[in-house]
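As written, the chain order gives the labels A, B and C, with residue 1 at the start of each chain.
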């Protein structure tokens, strides 16, 4: 009996030992950067150069910033300029730097019931959708994508309040699948859309693309050590410098998924 | 049909291909969930034993309370544990957030009411002569409690197995406090959630299949233990 | 008369305000078989639980071997190890007969070889030689009753309390019990026997105690040994 108790204690120690904390930098970031696989190339290169391990937590932009506000992350990579400005203005973030961008795409059912013109601007497209009162699916999860979508409606002077306008409350992938099944229009990041399209899961088509209004800029922001004394500011600063260095920017520029470029670095020539 | 067959064949592929990342995920899931069950059991089994055996005012209320706690959504448990382990939380100093340890804590909290409720039920339905019999044969109160546990061993092991099933399949708490960090806190369920969000449905199904195989192995082992422990 | 092994003084036991037992004065000697008689609900089982130290009295004082016993607490285990009880319907653990009988010896830290020897001896005493490996809870009612007796005898207690030991026994087994119990007073053991099986009980009894509604009935008297 005593032996059995000893065994159990030993087993617990064995199981729990690897659960100890490690020395690492915590990066809270959006699912879109994580899901494309870019970080899985970028982070090992940084670790190799600096010896610093980076753990990334893939969540939405809103949640990434919320985590950082509670001092549970050291650095964030997000894509919602309005939220980022507030985050910095409120004193939570410092050293905000633009990192890269890509483009959102407006997608819709192949039948295109709102008769959106593919050569037109995204504003015209949204007006058509609102006039036709066709289904439109919003992320509804306070992600960078949703923030962008809402700013687009605002810029077009439209209040999206017809019955066909709905919130999915889910990530990009599930939202695309739902939109496809509902015959709805939606705004998506390009990477997730391409992934879903390539697996034949959806038949939605691109209706607006590569316009300045659809630009999706990513920034890197460090968590303010004045607010969060335990944050690893110096290591985070090194990480930011690496991202913006020639090496980091080249990795971003060269990164491709399924043979297609996904991100445009801020310093392409470097 | 492709949807399911594709997942199944890919799952078999994962099993035999010995992909280190997938095996890493399996090992972590197993470690975290077993640790959580052991941790929860250390508190839940004695507590269930006491509540089940003793007569006291408020006993019924406690039983109802534990049965109610079973309805706690995993995401809420995740939120609570996140609040505790967060830098500004009361246990923030431990630096456990976004580590496997945090997932162990969250899953232990999840398993605790389930194991307690099932142990209470096991003890209440057990013959009430066990404790006194042990005492008259010379047992200390602690040894008598152990005898009760031993007599209820099948139900207690079933309670532990149920606790394991609850935690290895949950995703809400693990993703919230573990962060789904690749090679570090990515378990079966958080990996499946991620693969599904990426549209990699076949990979998600394959991981789900792998999870079932692991759960089967654990249950077979516990069954073996039951058969031996006489 | 030597000093009593058990002495009860003003002992009261209640269940939900109802008095189940109220004993002004009761002494039980070592080396004597005392039979407790009385109608259903008289408090016989209650008395044995009290003597077995598993159910503390609400009032009164209990002495064992000249020492006053506490109502509860960790010292009680040491006293309890000198006494054992074979209950009205004894519970056998869900394991083998061997392990059931060895249980008390293991608790007392006895080494394995001695344990096995004593277990085998006790089983033989009750006519169950060779029953060791069988599953205890699969046995017949009478066999279980005999395992329970063996489990108590193996401890060589200073006081053996038995609640209706003859209830499930066939005549042959009853005879075995009678013989085994009859040998105990010679070893200095106090035997307290509750039984409605008047024939056997009276043959064994060196003293009979009558209980009614929790109280002693003054017909109490000594009888010559069987």
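One rule holds for everything that comes next: a contact is a pair of C-beta atoms (placed from the backbone, for glycine too) under 8 Å apart; a residue touches a chain by one contact, two chains touch by 3 or more.
Note that this is a predicted model, so its numbers are computed, not measured.
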Chain-level touch network, classified as line, ring, star, complete or other: line
Geometric centre: closest chain by C-alpha means: B
Taking each chain's C-alpha mean as its centre, the one farthest from chain A: C
Interchain centroid distance [CA atoms averaged], chain A/chain B, Å: 32
Length of the line joining the C-alpha centres of chain A and chain C, rounded to whole Å: 76
Length of the line joining the C-alpha centres of chain B and chain C, rounded to whole Å: 45
Residues within chain B bordering two or more other chains: none
Residue numbers on chain A that touch chain B, as the complex places them: 1, 8, 11-12, 15-16, 18-22, 26, 31, 35, 40, 55-58, 70-72, 171-174, 176-177, 192, 195-196, 199, 201, 228, 230
Parts of chain C lying in touch with chain B, wherever the complex brings them together: 49, 52-54, 74, 77, 80-81, 83-85, 87, 89-91, 93-96, 103-104, 107-108, 151-152, 155
In the complex with chain C, residue positions of chain B that touch it: 127, 129-130, 132-141, 143, 147, 150-151, 230
Residues of chain B that touch chain A when the two form their complex: 31-32, 34-35, 38-39, 86-88, 94-101, 104, 146, 179-182, 184-185, 194, 196-201
